[in-house]
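A single structure is presented below for examination.
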Amino acid sequence: MKNRIGVAILGGTGYGAGELLRLLTFHSEAEVVSVVSSSQAGKAVTDFHSFLRGFYDLKFDSELNIERLSEFSRFVVFAALPHGVSAVEVPLIWERISGLGGKIIDLSGDYRLSDGDEHKLFYGNTERSNEFQKLCVYGLPEVNRERIRSAVAISNPGCLASACILTALPFMESISGSVVFDAKTGISGAGRTPSDVSHLPHRHGSMQAYKILSHRHEPEIRQCLLQGSRVKDFQSFFVPHLLPVTRGIYVTSYMTLSSEHSQGDLLEMAGKFYDGHPFVRLVDKAPELRDVVGTNYFDMSLFVRGRQLVVVGALDNMGKGMAGAAIQNMNLLFGLDETKGLLQPSMGLI
Amino acid sequence: MKNRIGVAILGGTGYGAGELLRLLTFHSEAEVVSVVSSSQAGKAVTDFHSFLRGFYDLKFDSELNIERLSEFSRFVVFAALPHGVSAVEVPLIWERISGLGGKIIDLSGDYRLSDGDEHKLFYGNTERSNEFQKLCVYGLPEVNRERIRSAVAISNPGCLASACILTALPFMESISGSVVFDAKTGISGAGRTPSDVSHLPHRHGSMQAYKILSHRHEPEIRQCLLQGSRVKDFQSFFVPHLLPVTRGIYVTSYMTLSSEHSQGDLLEMAGKFYDGHPFVRLVDKAPELRDVVGTNYFDMSLFVRGRQLVVVGALDNMGKGMAGAAIQNMNLLFGLDETKGLLQPSMGLI
Amino acid sequence: MKNRIGVAILGGTGYGAGELLRLLTFHSEAEVVSVVSSSQAGKAVTDFHSFLRGFYDLKFDSELNIERLSEFSRFVVFAALPHGVSAVEVPLIWERISGLGGKIIDLSGDYRLSDGDEHKLFYGNTERSNEFQKLCVYGLPEVNRERIRSAVAISNPGCLASACILTALPFMESISGSVVFDAKTGISGAGRTPSDVSHLPHRHGSMQAYKILSHRHEPEIRQCLLQGSRVKDFQSFFVPHLLPVTRGIYVTSYMTLSSEHSQGDLLEMAGKFYDGHPFVRLVDKAPELRDVVGTNYFDMSLFVRGRQLVVVGALDNMGKGMAGAAIQNMNLLFGLDETKGLLQPSMGLI
Amino acid sequence: MKNRIGVAILGGTGYGAGELLRLLTFHSEAEVVSVVSSSQAGKAVTDFHSFLRGFYDLKFDSELNIERLSEFSRFVVFAALPHGVSAVEVPLIWERISGLGGKIIDLSGDYRLSDGDEHKLFYGNTERSNEFQKLCVYGLPEVNRERIRSAVAISNPGCLASACILTALPFMESISGSVVFDAKTGISGAGRTPSDVSHLPHRHGSMQAYKILSHRHEPEIRQCLLQGSRVKDFQSFFVPHLLPVTRGIYVTSYMTLSSEHSQGDLLEMAGKFYDGHPFVRLVDKAPELRDVVGTNYFDMSLFVRGRQLVVVGALDNMGKGMAGAAIQNMNLLFGLDETKGLLQPSMGLI
């Protein structure tokens, strides 16, 4: 039996897979043994993800190679499949690996919403497994760290949802009325498949709001913020915008405090809340998006005027918003230090 | 006496001057006779503004040439000077030209706020002329068109202020509670002088909020929205952000309706409000920033959910947000068609 | 009979059509009567080209409406169709309109190369009409102005070809040995259809050479430079590169002079050569790409060291490199001033 | 005595220092003990380089702290000072540390050119130490690896020079006539101080050639390529261009082969030449700039047509072109594996 953590990745040609592979080059306990892509099966992984040339000597598998995984005493499958496909595939894989000690992390949105009706409303009529949904823990460590530690299946959070949630979490008991989440995101969030939305001539020098008051991540934000909360009457506005950049999410959240607090008080509140959470950095100026790009950090700062509170937060949609969070979850699932393989700084200039 | 409108521009090396000169190439009734810059005096204007090569045969004047202006039966001075400098210079120039039939349009912020204390708070202790302030009309034609027509001195609106105001104007009587203005702006708004903020390696692939809840345009927004309004209790949140683009402002405004209205009702309300205002375009999707870049248009659309109203608007900070608005004001000052010289479409792809 | 020039555009959803429509808003003698797109037939042109909102009140036609065109005493069809499609369609249309006094301008590459074998080598085995090819004049006014004036069918030049040709034309008799054309182009050159190449996450912050020593525009460059020239032994290197911008081509050409010339001599040589050609601007510094974006100008400058000559040139691939050139050709075809509708400056800042 | 390698950095606020600090977070044998900046002395290093928050707990020193360095059995000073300043400072520091076993790596251009007259011509009349110049080894490991191993002082190569040299090195004996180096560079190469050149509104969507046939790196390229070569008659053209990106250099080199070689032959030639050089990657398509950004890799590919050879190469001006090369040199100076701390892949998407 091999001692390291065996890793397989489904959806091997997508951006999620590429970023997992990149981040895992920094992880000394994980060993990638299978990268699955039916369309590219047999081709070298680094021919496709050319930036990884020299770092992996693997060919795409046409399907998940459980045999190779089961040579490891512990292993994990990252499912980076499209929404809807995961709904079906992930529970099936789970059945096959659960007896072998394997764990699974689903990067899609298929098992994030616990309310089935809400899921259908936002993800369409794709059938998903209710049983598997109950098994899944929502993988935002800043909320569910202990539950993740003892989980076997993780539903990895949405990138925009993570960013919004983290701006508001510490203040949920101190605010009243509506919260506005104005989010701006890089184009990599739209994935690898070229489309009108990602076409450079359409995006260069431009920006555009989209899915105004109708984005899938809004119910996810609400579900997470209200989980175990005493707050009853919570209203949100959520509008995402496309930025002409590749990576990164920037969220500006507007809240009204139930009573006046000083900036110092609120900073202390946030500091206590995130104490022991190594990837949340409280900073004293508005975060610079480039300071988090390529990392697993969430940088945030806050500003107060009377009862008005503005919290500004930034993360990398591909890092803390997706693949970084998934590895953070893997670390927790296997009892490793949460930060293992994730403590690289940003390039600073991008 | 010459029959066209004589034009002089102060602050001739700045972006405001450059854009005025560009837009005036489309204006058949205006003739630029003096572009003033003490630092570049004697040099060809098009050596400095190289994109205008072949369009002007002027040298920078060291100071305003009133003699040349007064050969025109009607003339205007555009003051595109830094804040604080305008405070002093513009009233002095006004004294010299008012007897000659000249008019003046001040592109700085020095005479925008009517409340002197608020002005001091946001613009520092620069002395300005109270008398001249009273003379000035706030030059947002969608609010003050008739007053502008009979004015002699215009205080041209702030770019961010214009964008925010135009999103909220039609709905002021229908909303209650706080309005959130989340604004995103291109870097040209920071002007021609290089700085940390405009340094490409700091901005490329990045974004950052700035002057959170403390930007000068917020009191301007409030002053304009409340002018002559029955609304008493108006709260605003205003946060601007730096985009990694050169031109354009994108504003997403969040309001709460006093009672439920359908999207159709609200569109009709906006349509009536802006009827006859040729530069406001109600569009049916979220505006694309690139559709307004280079133009004098303000594109806006709106979205409703229950009592939540989101209005999204876009304009070019150098066009409708500055030089375009100034020319629109010039047209009104001289009884011309408001659109003269301003009906060019965007390049679409930028 | 209507007196203006009737205009129809084939390939109405492409970037070529969009830019023609934009530029024609500045042209007082042309009237667009038909924009053809089978896929969008019946929809409003400005729903698709949203930046033109308010400028056209046309629906896409499913096919060319010759009846409407023939109400004009003179009319032109711009064919902005894909390579290969034009090869077949354009001669057929020509047959239908030639008896009615219509003229045609083909923006594709199908009729640019006079040598049939070379055409097949670079454009594949698409059948084209030899007869029509002989009728076509290569539409680079700086080379063929007089022939264009008396032509009925124009093959509009390639964007990269135009830029390279214009850097070398004045010096062909003064150089020997190889010429290196290093070209850099914006992504709009790849057209409207999203692909891996135009996908923002692939291009942002990146650049890449492509079709190295094998691009279709190289034989076009050679054909044009050698047309009627005494030069026999001409070697070229041509490598295009993708820039992370939307518009613009920047070419740096490296030549070896047969004998030493001063910079002054060479500038004079270029000045004489382009005398009377209003869209070539000799500038004294290296051109800035942004100074030509959106325009029909070609800016160039030159630098000498011993017998080494470097010429740097810039144009907008959508303007002087495509739609602008096409309108320049239209003006010549109909005996108008070559510059009609084309004398707008760049935005300067983009 | 401490066992790790003590590191001090001069010019601590510049981009060179920031990138050294970033890369050294990956280096297990180096320990940064002093970051010098007179202007920021006393402030936290990570307040200034905010992307390194949490990675360093150092304050800027006002001057080099040799005492702290000499607690290490081996130490190195990276001088990331402006040209001209290094000329004077570096030899003085060298005098103070040489007796203590310290080594020095100068990132400026002051000691790159061995010919004093050439140095004066390109760097102005700054006095430099001839003695120290003789001591310096030109730090391009692909040329001078063995000499670096036994050196005490390194003159770190210019970024553009490194890229150009590496494209041509393997072919120097196989070519004749002129070589054209067409280089494109990100704006971070211009350093941290904002200027017209780095001002986002001037660069966005634009590009421009600069220092055409007159850039300092051309003599450096020639010196290195001709070092110990039998080639006598070598002509170069060198033109750098500013790209609207932050990081990265892309070079396209045009050569004429003395006799015909197949692509296979030339690939083999290059493969042999760079065999054992871990940071040169021969790739089979034109390199993508983003694949090397953030890394110490130089990716190159080549294309042949008859006797025409085109080599395309890419590196990160801040990595392999500056700080990465400096750390590679440090590794060699201290007998470590050349790749230590440098084997991170690019982010792939930037």
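Letters A, B, C and D mark the chains as written, and numbering starts fresh at 1 in each.
The working rule: a contact is a pair of C-beta atoms (placed from the backbone, for glycine too) under 8 Å apart; a residue touches a chain by one contact, two chains touch by 3 or more.
Keep in mind the model is a prediction, meaning the values are calculated, not measured.
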Selected interface, A-D versus B-D, where C-beta contact pairs are more numerous: A-D
Reference subunit B; chain at largest CA-centroid distance: D
Chain centre separation (subunit A, subunit D; CA means) in Å: 37
Mean-CA-position distance for subunit D and subunit C (Å): 40
Distance between chain centroids, defined by C-alpha means - subunit B, subunit D (Å): 46
Multi-chain contact residues (two or more partners), subunit B: 15, 188, 201, 204-205, 244-247, 288, 290, 293, 349-350
Complex interface listing, subunit C residues touching subunit A: 15, 186-188, 192, 194-196, 198-201, 203-205, 244-246, 350
For the subunit B and subunit A complex, residues of the former touching the latter: 177-178, 180, 182, 184, 201-202, 204-210, 212-213, 235, 237, 239, 241, 243-248, 250, 252, 254, 256, 286-290, 293, 303, 305, 308, 310, 312, 349-350
Contacting residues of subunit D [partner subunit A, same complex]: 15, 18-19, 22, 25-26, 49-55, 188, 204-205, 246-247, 281, 283, 285, 288, 290-291, 293-294, 299, 318, 344-350
